Structures are given as C-alpha cells and as structure tokens.
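Heads up, the next two complexes both have chain A, just with different partners, chain B and then chain C.
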Partner chain A sequence: MTTLADKALLPTGLEDLVPPRAEIEGRAVEAAVGFVAANGYRRIKPPLIEFEETLLGGPGAATGPATFRVMDPLSQRMMGLRADMTIQAARIAATRLNGEPRPLRLAYAGQVLRVKGTQLRPRRQFTQAGIELIGTDTPAADAEVIMLAAGALEHLGIGGVSVDLSLPTLVPAVCRGLGLDDATTESLILALDHKDAGTVAALAGPHGALLGGLMEALGPAERAVAALAGLDLPAEAATLRDRLLAVLDCLNAQDPTLRLTVDPTESRGFEYHSGVAFTVFADGGRGELARGGRYRATLEPPAPLGIPATSGEPATGMTLSMDAITELLPEPPARPRVLVPAATDPALRRRLHGQGFVTLGALDGAADLKAEARRLGCDHVLEGDHPVAL
Partner chain B sequence: MTTLADKALLPTGLEDLVPPRAEIEGRAVEAAVGFVAANGYRRIKPPLIEFEETLLGGPGAATGPATFRVMDPLSQRMMGLRADMTIQAARIAATRLNGEPRPLRLAYAGQVLRVKGTQLRPRRQFTQAGIELIGTDTPAADAEVIMLAAGALEHLGIGGVSVDLSLPTLVPAVCRGLGLDDATTESLILALDHKDAGTVAALAGPHGALLGGLMEALGPAERAVAALAGLDLPAEAATLRDRLLAVLDCLNAQDPTLRLTVDPTESRGFEYHSGVAFTVFADGGRGELARGGRYRATLEPPAPLGIPATSGEPATGMTLSMDAITELLPEPPARPRVLVPAATDPALRRRLHGQGFVTLGALDGAADLKAEARRLGCDHVLEGDHPVAL
Partner chain C sequence: MAGPPPLLSPIPLEAPMSREKLVIALPKGRILKECMPLIRAAGIEPEPAFDDPDTRLLRFATNHAHIDIIRVRSFDVATFVAFGAAQLGIAGNDVLMEFNFPELYAPLDLDIGHCRLAVAEPVDLSRDDDPTRWSHVRVATKYPDITRRHFAARGVQAECIKLNGAMELAPALGLATRIVDLVSTGATLAANGLVEVERIADVSSRLVVNRTALKTRSQELTGWIDTFRQLTDT
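After this line comes the complex of A and B, so read on.
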C-alpha cells in the first residue's frame, strides 16, 4: 500500500492550486481576456490536442521537442498536446476564419503542457492568455500588441511594468549582408546573446566595429535609439532597425510614460519571430510576465537561420504568463460568510449573495449553530432572515 | 503539400470554438464558478496530467479505459491525461486539504479528455465545471448538491430544469438481500436499465413482484415515492430507499417548485456512485446538462458489483457539462464598436471601455476612416474625444 505522501505526489513541474490561488488565477485570466476583448480581440478556443502535423507546422515547429505525443486510436495518427497556443490561433485564422476582414484580432486562454521544464523553471503546465493580430504588417500593429501586453498587466493591478524590445533576426540579417558564412553567423548569434565582446570581435574580423556597436546599442530606449540610428547597417538589417525605431515612436506617441528598454541582438526564446519581439517585466516579478512579437502566420516549415518566412500572413501577438502573474497578485478581499440552516430557501440565499455574503448550509444538524459557524470559518449566522455577526 | 482543408482537419471529437461560442463558454464557466463560490465552494485547480496511479485510484478506476496515457520522461512513470476531475478533487481533499474542517466544499473548472467518444456523443474534449462536498453523509448534503446543480443552470439563464434521481446501487443491494447469485444480479441490472419487464420477471423468479414493483416505481417524484415507500425491501436496500425519500423531503422543503423525477433502478453512467445519484435536464436541452451523486472519496480500488466502499470519506458532488450548456445559451448582446486612431491614448480608450464601447485601433492608415470602420464591423468612429455613430 502506498502512503498518503505518495498519493499526494505529482510529477515534477506539475502542481495543484488550492484556495485561494486557483481563484486568483481564474479571476486574473478572465480579467485579462476581458481587457483584450474591450480592445477588439475576440475569443477562440482550440482543442488541447490535435494532429501533430497541424500543431507543429509553421511557428509550431519550434515547440516540437517540447510536445507530448499520443496516438489517436480512431485515426491511428499521432496527436500532440499543445505546448503553445499561437500556432493554433494561426491555423484557425488561416482556415475557419480566412473569410473574416483583416486585421483579424483573436484572443485565447488555456493550459499548455511541455515535456520538460528547465532547471530554472521546472514548471511543465502553463496557463497562457494571449492575443494574435493577424494580417497587418505596420509599426502601429507591433505597437498595439506591446501596449496591450503592458496594459493587461496594469489592468490586473501590476505596477512598475517595463518592456524590453529586441530584433531576433537582426544578427542573421547583418551577417547575410556582410557575406559571413553560416557557421560564423551561428557563433556570432551565441556570442551576442552572451554579450561576449571578445568572441564577437574575433568572429567579426573587419566588421568588429559594426557588430560591437550593435551589441552596445542596448539599454533605456532613448540611449539605444541614438546608438542604433548611427549604425551603418546592410539594407535588410537597416530595414529591421528602422522598423524598431518606428515602433518605438508609436509607443512614445501613445504613452510617453511606458518604460522601454532595447536589446537589439537578444534572440533567446524567440524561436519563430521575424521582426520586433519583446518581453515584459515588472518590479518584483520573478522573470518575465509576458512575451511576444512579429512572426508569419503560416503552416509551412520555417526557413533556417532567421531567413524571414514569406508564406502566410504577417502577424504579431503576445502571451501573458498567467502563472508568474498570479504569484504577484494579492488575495481578493474576504467576503463575509454566513452559516444558514440547510433548508434555507434559494431565494433568500440569492438575496444574501446579492448583499455580498457567501452562504454555507449547516448540513450536520449541529446543536450550537454559532460554534458550528466558527468551526467552518463563518463570521455570521442567519437568524430569521438576517445575518447576525458572531 | 497538404491542402487548406487538410490543415483545418481536427481529430474526430475535437473542435475549435470560434467567436462568439468561445466567449459564451468562458463567461458561462466563470458564472457557474461564481455561483458555487457564493455557496461556499472554493476553487482548486489540479494539473491536466498526473501519475496514472493517483489519477485512476478509487472513483477514478471507472475512467481508466477512457484515459490517454503518456510516459513521463523525467520519472519514467506513466501519466494519465485526466478524463474526469472528481478523482483529483478527492485526492486533494485527502492530502493537501486533509487538515481543513469538514464538510469541505471544493469547486473546479477545466478541460478533460477521453480516448473515445460514443456514437451518440463523438466529443472527446469536455469542459467540466463542478463541485465536491466531502466529509458529510447526510440527506441535507445530497440535497445541497442537487439544489446547486439545478440552481447553477437557473443562474445561467436556463429554464425548465428537471432533476432525475436514481440509486445505482439499489438493485445489487436488493439482489444481495434476496441471496441471488452474481450472474443473475448482473443480468437483472441490465434488464432493469432497459426496463425489460419480461426478462426481469424470468430472472427474479419468486421475487418477480418485488423487482417488477421496483422497476415500476418511477416517474414524477410524488408517484414514485408512494410506490417505493410501499415496497418490502431487504434491510440494506431499504436503507438506500429511505435515504432517497429523505433527500426528496429536503428538496421539497427548500424548493417545492423544482421538477423531480425518480428512476430508482437506473445505473447507466454511474460507475462509482454509492448512494443517491442524479442527472439534470432542461426543456430543449439535448441530453443531460449535469450529473452527480454520492460516492466515497477514497484512492483505494472500488469494490465489485456495487458493494459500498468503506474506505475514504463520504462525499457527493456534481459536474456541469459546459459544452451542452453553452449550446443552449444565447449570444451576449453586441457591444458598440468604435474605430479609433492607432495613436489614441490608453486613458481615452479606457474611458470608452467604461462607457461600454469596444475600441479597435485603425492600424493601416486608411484614408477613409468611416469606410474602414464599416469594413471592420464597427458602428462608430472616434472624432476628437467622442464616438460618433456611422
């Protein structure tokens, strides 16, 4: 026989939320979805599981190694348990909703699973809430999604929000423009992600000044913009840089108080992004609270080494990490709890709910109703039709 | 290359909800959880996936054949994708929440998956919202859960609710009391489920009158109660019958208008229930909208042929079939939609949201804002700070 402790054991990276955390998360998800709905994003709900072929196409390819697979006994085809909902939104946009006017604004919330966590974040089930903005490729679209990521956090009561912008395909574009080979490009991407100036200089050779300049064009947006604007980039890279500058202009025009930083060569965690990408943090938040960016809503396989996809529609989107967000949110104010006789009429209970009370039925025929109320964490008992404080 | 139609294809029994269905479902789930929260049920959130051993213990054993399994690469143990959340609530009650006062009232909402649907219901992913009332074995507890199942539907705006009560372990108890063998008992359970009077009479032999009487003690509660009360049942069966009559008394005392029917020998679909069980229907609803009943919150394997489990705590609960319920709910009233310039200040947007508007940013620099608004399904455009109807 297994012990009680064994029975409580969940697989690493999976957890039970108990009161009040589950309620806090549930409310936060609905509040986030409500906020983006007010901004025109309509909710979709894809299934937890679908054919591997559709789940891992296009931007989904990046999640392949993280995806649990099961055999479908009906079709004998392999299915995947989603590790990300972005690809599902892209699929729905391209199929069921392909007749809707563009830009198409979609929202979703749900659970995703990953085969393994990381050492830093062992979690394997995540609560995602997010949006996708599909069929438009303007700086204003990039800015809208970033504003909504920051705005959703503020709507949930989280202060001290800051957004870090990057261009994960900038370094490959620079290297292509400079005629560097693939091996050098890969090494440079890695060295720039690690801000390893020595290796960057050694790899870049005659282009050391340019790549070193790129690496140093980071920090608060104003400072980074000045440095970036002065760099003499190859054409494709210059276009990416100019887009970033245009997005920063849009953000400043809408909300000059939004805290923005830039790290143009950062590419870690952006597997399928092809334009301006971003992560959102907050003071006191452990790690990132949201991330997103521009990509192509295609179901075709991705091109290697940051060559922009050309199939599918231009798209951008963001996902809120509701697990990390929930950890920052306070417990909702406790509602008064009133113990009522089991036979209390539902209409009277509804009236009490309307007055803000939680009603608990006294089920076990306790002789002393007040003692029973205290035992159950109630602060009132019903006398006649009225709650009386203990 | 696969066609667009192939890419839209989901496995049988899985579906995408698109606007407005996903929003209707999301709102309904939150409303249901809010309703039971007002009645003292606090939310928990177990993981989608856990070890087979805990997921399929106790009442979970019945869902074994319906459960998708995956290997956990970290522990090399098998995990199951939940097909029901009741067992998870029972596990949490017995472990993490074993120090909380009883009765323990828990609520949950989430997705469950089944390996196969039925011919009648091909669906394989379900949205469950439900409650468990753990640690009490009184008629008032049975009645509370039934009242909340009916009450949740009414709270969601569903009229014409009726509850059908049954005693899935009654026939085995009668047969044990009469000394019938296991094979005869199994055949009788089947024959009674099919209301096959000829087979019942043939199998029951000298007890034909009693079993025939049981089979006919069904229909509107008042009529069934009179018939049931008059039957001369063996002791264990009489105790079950008396509990049903006591629960009906509680329900009548609380809400004499609730439509109640009784079918005491019905056992289909109640795999682990050990006392009063029920299904809830509504006029116009296709099939059942909720079901539940009494069981033992144990993680030990179930006893054969309806012998009541003795381990674990007494419990009762109910689950709302949110998919079936969502199909009955109307679309929420459309909110006015206003097209606003992309650079509109977030504070102004918030003010418009507060006035009931959905705001859509004009992203693509359309020359004719009004034509663009119409194309995007807006009925207003922003002029200065004010929405103007088209």
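After this line comes the complex of A and C, so read on.
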C-alpha cells in the first residue's frame, strides 16, 4: 500500500483532474474561446517555455518571481516556463504580427505554471483562457474587453457576475502629485491594497483626508463615482480618474444591468498595468474568476512605481481563470451509454453518436452482454441495429 | 452617498436583494469585552447564550435573521474571514501583520484593544547586550513571521520557537533568550524578570472584511463599514 500511495503523491499545488471535472474544464475552455472568436478574437498558440529574457521582458518582468526556470542544454541559455500568457501575446503582437492592421484582436488558451500558489488557490498549474486587444487606447476598447470577460462567464452559464474596476497607477500618481518620497509611496501602495486604514492615516500625515478618501471611495459604482468626483486630485491622477469614469459610462450604456463596483486603490496583481484594470467575481465563487486591464505591449522593462510607460503599443486584455470557473460549473447531463459488440460497423456507431449515444465496444466477448453493460455503467445494449434500454 | 443612516437601524441603505447569511467572527477573550458595545451599538444583539460563560455553542444567532456571530481564537478570526467562511470580523493588527493575508481588508481602526508588540529579554542580559553584534537570535513567540521579518530587516537571522502562550517562561528556562509578545502594561514582563527592549508595532483592533464579499456584496458590506465608522468617530 505504501508504494501505491508514494506513486499517487504529487508535488505541492499540482493535481490530476479525473472525469467529470476534466471534461467540464475542457468543454468550458472551448466554449470560452468560441465566444471570443465569435467576437473577432483569433487564436494564437505560443510555446510553453521560452527564453527567460524575452518571457520576463516588458510587462513580463512582474512575473519574474513566479516563473519556473530551466537551463536549455542546447543554447546554454536560461528558459522560463510561462506564468502568464498575456506577455506572450504582447510579444507576438510586437514581433511576428506587427504588420497586421490595428486594433489586433488575439485569443489564447493554455496551461501556465507558477512557483507558488496564492492563499485562496494554492495550486501551481492553472488553465488560462484570454484575449488581448492591442493597438488602441480608448475607453471603448477598455469597455469591450470588460464586456467580453463578463459575457464569457454568462455564456458559460455563470450567474451573478460582478466586475470590480480599479486604477493601479492612481496611488503612485497621487503620491507624485503630492511630492511624497518613494519609500512612503511604496508603503502607501501596500497599505491601500490591504485597505489598512490605520497605516494609511499614519503614512499620509497631512494628506490623510485625500488618501483616506481615496480608500473609502470603493463599493457600488454609483457610490464610488460620487466619492471620487468629490476628491481634489493632482492633475495626473485626475486624468486617470476621468478615464475610469468614461469607461464606466461606456459600460452603463452597453449593459445597464451589469453589476459594477469600483476600488480605485487596488493594485495587487496588476504590477504591469497602466490604466483601467478589473477583476471579475460571481456570487458563490470563493475568489476571482477573471482579471485584466490596460498595459503597454512593449519589450522594454517597466518603470518602477507606476510611472506611465511611453514605449510600446497601448493594449488591454483579460484572462479567465478556468480552474476557478470550472469549480462553479455543474456537471453536464449524462449522455446515454450503449454497449455494442466490438465488431460493430463504424457507420452504425456514427449513427448512434448522431442520436446522442456514447458507444462502448464489448472487448472481452462477454457472454452476458446485459450484465457486462451494467458493470461498465451503460444504460443500453445494442440488439440488432437498435439500442435497447436495460 | 445619501445622508447618514440612523445608528440604530444599520440595515445598509437599501436592503440588499438577497438575504445571504452574513457571518461575523469575533475574537474570544480580552478584546471581546471591548468590542461588544460596538456590535450592540450597531444594532446587532446576539442570542442570550452568547453571554453565558458555560455555553458550548460556537455559533450564535442574532436579532437579524441573516446574521450569525462566531466566537473563535483571535488568530482564527483572520483565517475565517480571509477564506470567506466569515465575511466580517474584528482582529488586532498583530494578527493581520503575522498572516499578511491578501484576501483580507482592514478598512477601519476601531480604536479599541490597544497594546503593543515588543521584544523583551531578561533584565541581566539587557544590561550589557550589544544588538549591533548579533547575527542570530533565538526568540520564543506566537508571531514567528513578524519576528523573522523584524530581525531580518536589520540583517539578523531569527530562529523562532513557536509558543501559544506563557512566552515569559521561555528565557528563565533556557528555551530562548528573548521573546516577542503583546505588552499592555508590562506587569507580566516585570513579574518574570524581563524588560521590554524594542517596540515592533502599536496594536489596536481593526474591522476586517473578506475581499470577495466586499466586491460581490458591496452594498451590504460598505453599509456595515460606514455604520462602524460612524460609531468609531463619535
């Protein structure tokens, strides 16, 4: 028994998916990619592993600590296993597809690996499906991607979707406008991420009212918008806020029923984002189901502390966490299973498949076909050319 | 936002669409006494068994059909709320610093449960100790993570021995030379021949909220945060 148990044990954060979960996930990924394809996003397939310097260049720098690395015995260079596919899409847009007309719409689905899981999701291998919209910088583009994230979830049958919008570069911009030093800015970003009112008040000093006001300007969109509009922000930060308001207007115009919340100071997990970013939740889910936002599709390393990047194309995108989504999806209705003799004509089998049956060949020449059918979980056996219920 | 809601009818602004359960996690012990007046002022009244010291119940109904209170150890408040098993809670920032849970928000300092987290050592040791020469210290504590980070920030490796209470015994019995613990008056330290040598952080109780709940039940939870903020401000 010990040896069997030894063989079953997987490294931390990795798991086997067995039926029906693996089937639900596979089906969900195809449905999600199909939904975005119908909206004009064409699929790319980057490799699982590539040179560390390209994988971790540009927006990828933020994923450095999460990336598994191996040495390539051929080129003797370090390679990284992707921890995020957005970076790869950005690289493809900037290189192989730089001649395509803009805006460029790309879709992808695949596996990513992370060195360490998160508190809510200790697993280290994830299934991602997502889109990138590259080469346009308008509120309408931000809204398109957000609508598609919410739309994909609804398409998969998930109800009670709510989108939380944030501005990861807002706090750095406010701090710059107020002339705060880098160390204070960094501590403030962290404290605001935790909505740690005590620490924010202590760090902000004379600016406590403004930064506290920013932190409290969260919640349902109407409430947050009213609070944000009333804040006297430095010029750069005010521009960011106005962009957020414009995106909210676009979203309201397109779908007034979409549940929107705002959290202007959230920046965790948005390390490479440069504009409106968002996280998608749903009732009953333990954590986030999708996230995305505006960034620069560049191959240059990002500037520290949210200084807006100037190189590269403006881009936005979203990634669906298919593992988290799959947990919320019900098992699909079981298809009837029919046991057929192994030598059954393939044309007959295809006809049965067309009628919605799953066919299983009786390989061991069972004497009692009905008993064999029951043992294998079939509810029909083939008699002549017709499936007969047991 | 509309005008301030009346303090004794805290059902957030407009009633939320669904009446999903709201679980509030409160810490057992010292802090509980200090936070109950706030909970009651917010219009939440637990069932009578809550005040019965002999009760074996852990989960209590309240005067609101959809609100339950659970009473757990202070460290567990953070865990219950971080994982979404409870949506609201009250926890000291010592606990929040120790776990550093990304799924936990602490939007309000309730200004109760004040004390400090400090390093203490035997009086004799403190007399001729030179901290600049340390490369390694052995510390008995309930807060191994904070302790490690605190000493690492000045280039000292801390070997932590995790205890769940009675830290003050450790130096005298040779378990560790120093301790990191909560100090309020310092009387327990003095009684055990210890002296506070360094303050790591000032501690007070915070209202904590689960991140996902704050996003998906935004109206309801921001309503409660506002209610508690008004109670704390007055």
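The rule is simple: the second predicted complex is superposed on the first by the 385 of 390 C-alpha atoms of A that agree within 3 Å, B and C clash if a C-alpha of one lies under 4 Å from a C-alpha of the other, contacts with A are read in each partner's own complex, and residues count from 1 in each chain.
The criterion applied here is as follows: a contact is a pair of C-beta atoms (placed from the backbone, for glycine too) under 8 Å apart; a residue touches a chain by one contact, two chains touch by 3 or more.
Keep in mind that what you see is a predicted model, and the values were worked out from it rather than measured.
In the superposition on chain A, contact of A:Ala343 is made with chain B only, not with chain C. Shared-chain residue A:Arg123: touches no atom of chain B or chain C. Counting residues of chain A touched by each partner, chain B versus chain C, the larger count belongs to B. Look at A:Asp263: by the touch rule set out above, it reaches chain C but stays clear of chain B. Contact with chain B, but none with chain C, is seen for A:Thr54 once the two complexes are overlaid on the shared chain. Using the contact criterion defined above for the overlaid structures, shared-chain residue A:Lys45 touches chain B, although it does not reach chain C. In the superposition on the C-alpha atoms of chain A, no part of chain A is touched by chain B in one complex and by chain C in the other.
Looking at the complex, you find that chain A touches chain C at residues 118-120, 160, 162, 164, 193-198, 201, 215-216, 218-220, 223, 226-227, 261, 263, 268, 279, 281-283, 285-288. Here chain B touches chain A in the complex through residues 2, 4, 7-23, 25-26, 30, 33, 37-40, 42-51, 53-54, 57, 68-70, 72-75, 77, 79, 81, 88, 91-92, 94-98, 101, 103, 105, 108-111, 113, 115-116, 125, 133, 136, 138, 140-141, 143-144, 147, 151, 250, 253-255, 299, 337, 342-346, 349, 353, 357-361, 363-365, 375-377, going by the rule given at the top.
Listing the residues of chain C that touch chain A in their complex gives 1, 18, 82-84, 93, 96, 101-109, 204, 206, 209, 212, 214-216, 218-219, 222.
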